[in-house]
Amino acid sequence: MNIVYAVATIFITINYGLVLQGIIGKVYARVATRIGLRIYQPYINIIRQWVTRTSINHGIMYYLGPVFRFTGGGGILIFLPVIYGAPFFSSFSSAGDMLLIMYFMFLGTLGMALGGGESGHPYAAIAVTRGLAQTTAAEFPLILAIFSIVTQYQTLDVNQIVAAQQGSVLNWTLFTNPLATIAAMLAFLGSMMRSPFDVVLAPQEIPIGPPTEYQSQFLAMLMTNRTIFPVAKTILYVNLFFGGVALQDSWLLTFVIFFLKTFFVYMWSVFVGVSFPRFRVDQSVRWFLKAPAALGVLAIIFVQTGM
Amino acid sequence: MTSTIAMTTGILLVLIGLFAILTQKDLIRIIVGFSIFDIGVHVIMISIGYISDATAPIIENLSQLGQSYVDPVPQALVLTAIVIGLGISAFMLTFAVFMFKKRGSLDINSFRDLKW
Amino acid sequence: MVEPVYLIVVALGAAFSLGLLRKAGFVMHHLVLLLSLATMTAISAQWTVGLFTGSVSPAAIPTAGFSPPISINLQMGKTEGFLTLLVNLSVFLSSLFMIKTVKRRSVYVPMLMLVFASGLNGIIMTRDLFNLFVFIEIMSIALAGLIVLNGDIQQLGAGFKYILAGALTSGLMLIGIIFTYHTTGSLNIDTIANALTPELKAVGYAGLFLIFIGVLIELKPFPVNGFGLDVYESAHPAVGAVVSAGAATATLYAFAKIAIMSGDLFLELSMVVGAVTFVGMNVVALQQKIANRLLGYSSLSQVGLLVLVWSLVKWQNIANGDLIVLGLLVTHAFAKATLFWLSGIIQKEKIEDWGIIKQRIYLLFPFAIALLALIGLPPFPSFFAKWELIMALAANQSHLAIALILGGSLVEAVYLMRWFGHAFKNTAAEDETLSVSFCQLLPVFAGGLLLIGLGYPASLLSATASPIPWMLTAFVLFTFAMEFLPAKIKNIIVMAAIAWYGYPLLTTIGGYRVIFAGIFVIGALVTMIPGFSHKGNRLGFYPSLTMMFAGLIGIIEAKETMSFFFYWEMMTVGSYFLILRGKNSKPHALSYFLFSLGGAYLILAAFGYSFGQTTSVSLDTLSQVASTPYAALVMLFLSIGFMTKTASVGLHIWLPGAHAEAESDVSPMVSGILLKAGIFGLLMTFIALGDQKIGFVDIAYVLSWVGAISALVGNYLAAMQEDAKRLLAYSSVGQMGYALFGLSLMSHLGWLGALSLSVIHFTYKVILFLAVGGIVYRLKTKNMYEMGGLIRKMPITFFAVLVSIIALSGIPPLAGFGGRWVAYNAVIEKGWMLQGAIIGFSGIIAFLYLFRLIHTIFLGQLKDAHRKVKEAPLPFLLPQMLLIGLVMFLSSRPHTFLAPIGEIVKEFKPDGALTWTGPLAQSHLGYWDGVMVMWVFMGLFAANFALLFIMNRRAQPVKQFNIVYAAERPARPETTHFAYNFFAPYRRALGFLEYPLATHFFDGITDFLHAAAGFIRRLYTGNGQTYLFQIVAFVVVVFLLANGGF
Amino acid sequence: MIKKALAVLLLAQLCTILFSFLSVYQEPTSLNAVSSHYIHNEPKELGAANAVTAVVVTYRGLDTLGEVTILFAASVVVGLLMFLHKNESAPRRDGSELLKTGASLLFPLILLFGAYVFINGHLSPGGGFQGGAIIASALMLTILANPNRHVGHGFFWAIESISGFVFVLLGIAGLVLAGGFLDSRVLPPGTFGHVASAGLIPVIYIFVGLKVGAELSSVVLSLHGKSEGGVQHHD
């Protein structure tokens, strides 16, 4: 039964992610005073790739890259309790706690990097090195923030963290541990591949970065993952810092809350992205290790000293 | 008193010899310095055994045993020491001869092939 | 029993009779010489055996039929018997050695040798002050003659300086003797000793002092030993050998007699002089490049050590004192003689030129034995002597003495092992050949064998510990005996032996030891498989390897501190030789050795203090130290000592080079297995001592920071390497940092994490080093930017690397995650968040180097030069596959190893253990079900793969250059393979982490020592007169020192 | 100059060490136990009139063997150096006729005197060393007078070796037949004050004298550089 739930979760999230992408496209266009593409354009894109006939293959790792990638993205989603209290949306969250999710995120990245690497295209490797470099730095404040809230809640179980935030808006980590939340949200920017931290994808502007050599179904699978991965990550943040999404009396209300919370958290990166120019990698590495890291350290100190 | 004078003389000889050893550059002079030093040592040795108004420890006949004799031990020792000193002097002189043959110099400063 | 006086009589009679046999020819001369020396050796051997077995009692031999003090008397006790045996044997062997090496043969040399021998025996046996002087003079003159064996100007100069200095000191001594005769009325040493009342001591002080200082100068203390150094440098090596083994030994005993006679009057002085000499000579020796002079420095420093130790033993009344001194003495004598003989065979002035020794490769064995014995490593007598000494000193709380002795030994190891490195690694000019004769080999090997053989009796005589288990050592020795066999057969024998010894061990040992025993035994078997790819007989490899693994198993088995330390050192030595075998590993092996030795000395000191506090040598009672004032110190010393092995930051600088430059099948051993010995030691320490504070500082807390920074720096540096093996080596620094951090948490979960990491690290680091080893084997380069695209050429290796980097990075579902999960739980539980965050940060940095490793080697563009490269050889692949099987098993059923380890840890840290429900682990913070994760992963992976495969099974394979490349195709793989300076932006951001602080620190120390050596050795101007000046000044200064007259 | 000043400074300090003994030195008024044993018991025990000789040859005989050995070693070393550097000396100017004649006249007399000194060593001042030195001086005189004269070295070697060997044998005789190594009481003490008295002492002293004479002579010969040196072997 869990398997069915898991597949359903993934399917719903894909759709949600596609819609979100459409909206974001619009936002970007409007900020740049363009009209922008149709809101369902992502659907068209992804379907087109899935049904493309021609396809080339650079080798086994190249072939498995997207598989790893999608396994990673999907895995996070089903290890996460998406909606608190609903077994339907927390299918395999009993397999592990937050640490599992944090570490599982890297599986897809690694597979992707390896697949791109086997294509032999230098841009793939360049993008990966940049991405990895930036990620290491961005994760540091996140680790600090998570240590802070784990100390605060004395658990690593995402369900329990969500549970602890129920009752009132003021119970959200956002309010009980604002420093950790800020540190984490700054780290969040680094992992969303948007400006000012999107130099990772700069090679993309020449051809298209790590997926440079991917096309057709390979690309389709990557794009599919690209729709669910940010959503999954957003859900994690919502769970940790914004009270999570508890199952309400009505499923509709639940979904509305889910939509609103994930949307705004997601949009945070979009808004920052449209407002700030891009950092070089070394700049962003240093940036993450300064203010966000300091906030993270403060968050830990506050929690540990009980202030 | 006699022995103190002898000993002082010995010590002075030792010091004179040492001064020569420490300041002379010439190998032969250093060896001469050593001989003086050695003689000084021997004088000190022999002075130790001296007893005032005693005679040499040669017993003319057994009836004289009650007489006062000086200590025979330092004399025996000094005999050995002299011979050893002689051996060493001969030894050093031989070395000096061959060192001169090899290098054409007797200056101790010119034998610094080995150092550090 | 033959009368001991015959020791002198035989020598002199033979010497005199040789004058008659002048024309009898060279063979006859040497026959007489060797026969007489053999007779003397036999006489002293007879006495020694008799005295030590108790079948005869010590003899006092009056001469001339009168009892002392009327006449001169000799003595033959245990010490005399042993020492005469030692000097006679060394003179005998040296005479044998000379047969072929002396260029211009004459009757004079045998005569002088015999006179010299009679002098030595006389010095040792006589109990008369003046007679002692006479024999010293006999020895000096004979020696001065032996120096000029070739008669060149250097020898003449050295001989002259020597005799000049001797004449001066003997003159002073004579004055002293006659003064003392005046004061005490006797020349008999024992009578004088009894007669010396405190008043007489005051009255006769000048005399006693002059005798003392005379004998002391005969021992050539620093800095008045320039003349002695010249002797060592210029003399024929066989003469050097007898000076070192014979003259030094006899003079030391003369010194001991005088010091005892003076009744404690000069013990402090001789301690100071001995210590200054030991340290001073070792430091100055650092700058020395000439082999024989270096041996001279080493000899004089050892004599200084012996003076120091002997005085300490008397001063502190150390129970086993004679044994300590004799152990050091006999080791020094035979080791130094062996080295001199070797020098006579090699005939190379500079130590850099000793590479020629490899033309007779077997000579490396006695060479190594002699050097190791000098340093005091097992199984030589000096090891046991040093052990006993440190135990006693620590018990008496002589901190300064311990520091001086161990510090000086460390400096000594620098130049000795540097020398070995030159000999082992340098290559000789091709046109040179090394000729060796039987007469030369016999002494050299006799010396080596004696050193080994004497180790056993020395080990039995320890006052503090029960004998060490010899089984493993015996097997190590056996491997020397089977060196002639082909490598493959030796490989099988050693593997079989390890399996045979290891299996019962694994089933019986129990406790936390079983984890490490498993790593060591299984690791040994697995990592030895690649050895089958070697042809020939791989000389020296198997003894070293066996030494290392015997050491590792030995420390597991050890029940007492001494056997632990014994095998710890043996492991260090074995691994040093293994590392040294690498092509460019000379400096790295040296620094490995020195760091290990430094660490070992700290461990030794810690064991000493522990013994001093608890009077127990059992490892089980180490915990009793915890309640003594020395707890923190012992903990600190042990921790730092073991951290040199785990290469924690600051002490890590040896590791990258050592691991990277080692041979392909050695790197996995040293990196995957050997490092765990440090973890084992740390765990042992932590179990015994727990939390200790120095002042307000918690040691464990400091160590947690060290661990975290090690992890960060190690991982960061790994990411910046271009050399694949260096990358892996730095990775080990980082990984051991994790382990240290885990241990320092001092909690159940922390230890569980560290231990599981140790197990897993073993698997993937061995795989990675073997994989890279296989690649290097095929490609002949270690630079990753020269590789690329090898996935198609070496798919199996690629798979192995892929699995192990996933395991290493801790990404679920593979086994590495378990350790991480436990570790973070532990961090949060403990609350050491900042270190924990750094650990987390470095964990992510690990992705950098892992990706770099796999990408630049296997992915990207295949180079033209590698188009015909084959998959790595089977002996490399087989162990990888075995270990991958292990990794996969551990990954799919993580509870099968985590739960038992947890049980083991519970014994020491019961609180906070995990609860296991089947595969589901629960801590009080979180939960994790490894099996479910595995299933989810497999399910998702299979589904995705199926989906993709169904959709595009007709995907068309394309060629290498078929990529979107600015509307063109790349022409050369080199320009397209992105590999060099892979993480340039990262370096721009965090380059300060690369600042080699530790390297600069240690370089600073070595530079300082070398500069000091360069400065101090200017004392040795080469001018004989300056030396005389120094002697007089020395006499004066020591006198003032003794009387507070400054 | 600085060197000399430094030397003076150091020697001044050394002087204080030596004078620290002298300042408390008191001349003994009587013999100590050991020396009084030598004086009072020696005549009965050994029977030598010269107590110093008794001490040198018997009581401290080992020292004497040692010093003979030292001289032996010195002469061996000189021989060795000669052997290593042979053919390196130039001809010298001959001595005058007067000198030559005088030397050959004195030569046997000096030898006789030397022999007298060591044969009577146990009775009067003198002994083996003194006698030996006198003998060597005879040879030296001859050499100085005839610098280019060839003197056989082998003879001295033979004497030296034989007497040294006999000395050792006599020592062993003491060990076997009497109380210990070098015990002179192998022969009866004889009449006190006669030449044939004091047991082995005169015998030993004869050989010591021969040996010392031979040794010093061979040193002198070697330094002179006109002997044929030892037997040489070449590879």
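So that you can tell them apart, the chains are marked A, B, C and D in the order they are listed, and the count of residues begins at 1 in each.
Heads up, the rule we're going with is that a residue touches a chain if its C-beta (ideal position, glycine included) is under 8 Å from a C-beta of that chain, and two chains touch if they have at least 3 such contacts.
Since we're looking at a predicted model, the values are computed, not measured.
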item	value
Graph separation of chain B and chain D (steps between touching chains)	1
Centroid comparison with chain D (C-alpha atoms), farthest chain	A
Selected interface, C-D versus B-C, where C-beta contact pairs are more numerous	C-D
Separation of mean Cα positions, chain C and chain B [Å, integer]	50
Computed distance of Cα centres, chain D from chain A, in Å	105
Length of the line joining the C-alpha centres of chain A and chain C, rounded to whole Å	53
Shared-contact residues (touching 2 or more other chains) in chain A	none
In chain B, residues with contacts to at least two other chains	14, 18, 22, 73, 77, 80, 84, 87-88, 91, 95, 98
Multi-partner residues of chain C (at least 2 other chains)	130, 134, 137, 141, 144, 148, 151, 175, 179, 182, 187, 1029, 1032
Pairwise chain contacts under the document criterion	A-C, B-C, B-D, C-D
Contact set on chain D toward chain B in their complex	3-4, 7-8, 10-11, 14-15, 18-19, 22, 25, 27-32, 34-35, 38-40, 42-43, 49-52, 54-56, 59-60, 63-64, 66-67, 70-71, 73-74, 77-78, 81, 85, 88, 123-125, 127, 129, 133, 192-193, 212, 216, 219, 222-223
Touch list for chain C against partner chain B, complex	130, 134, 137, 141, 144, 148, 151-154, 156-161, 163-164, 166-168, 170-171, 174-175, 177-179, 181-182, 187, 226, 229-230, 233-234, 287-288, 293, 1017-1018, 1020-1025, 1028-1029, 1032
Sites on chain B touched by chain D in the complex	1-4, 7-8, 11, 14-15, 18-19, 22-23, 49-52, 56-62, 65, 68-69, 71-73, 75-77, 79-80, 82-84, 86-88, 90-91, 93-95, 97-98, 101
Complex interface listing, chain B residues touching chain C	14, 18, 21-22, 25, 27, 30, 34, 37-38, 41, 44-45, 48, 73-74, 77, 80-81, 84, 87-88, 91-92, 95-96, 98-99, 102-103, 108-109, 111-116
Interface residues, chain C side, partner chain A - complex	789, 791-792, 795, 798, 802, 806, 809-812, 817, 820-821, 824-825, 827-828, 831, 833-834, 836-837, 840-841, 844-845, 847-848, 851-852, 854-855, 858-861, 920, 923-929, 932-933, 936-937, 939-941, 944-945, 947-948, 951-952, 954-958, 960-966, 976-979, 982-983, 985-986, 988-990
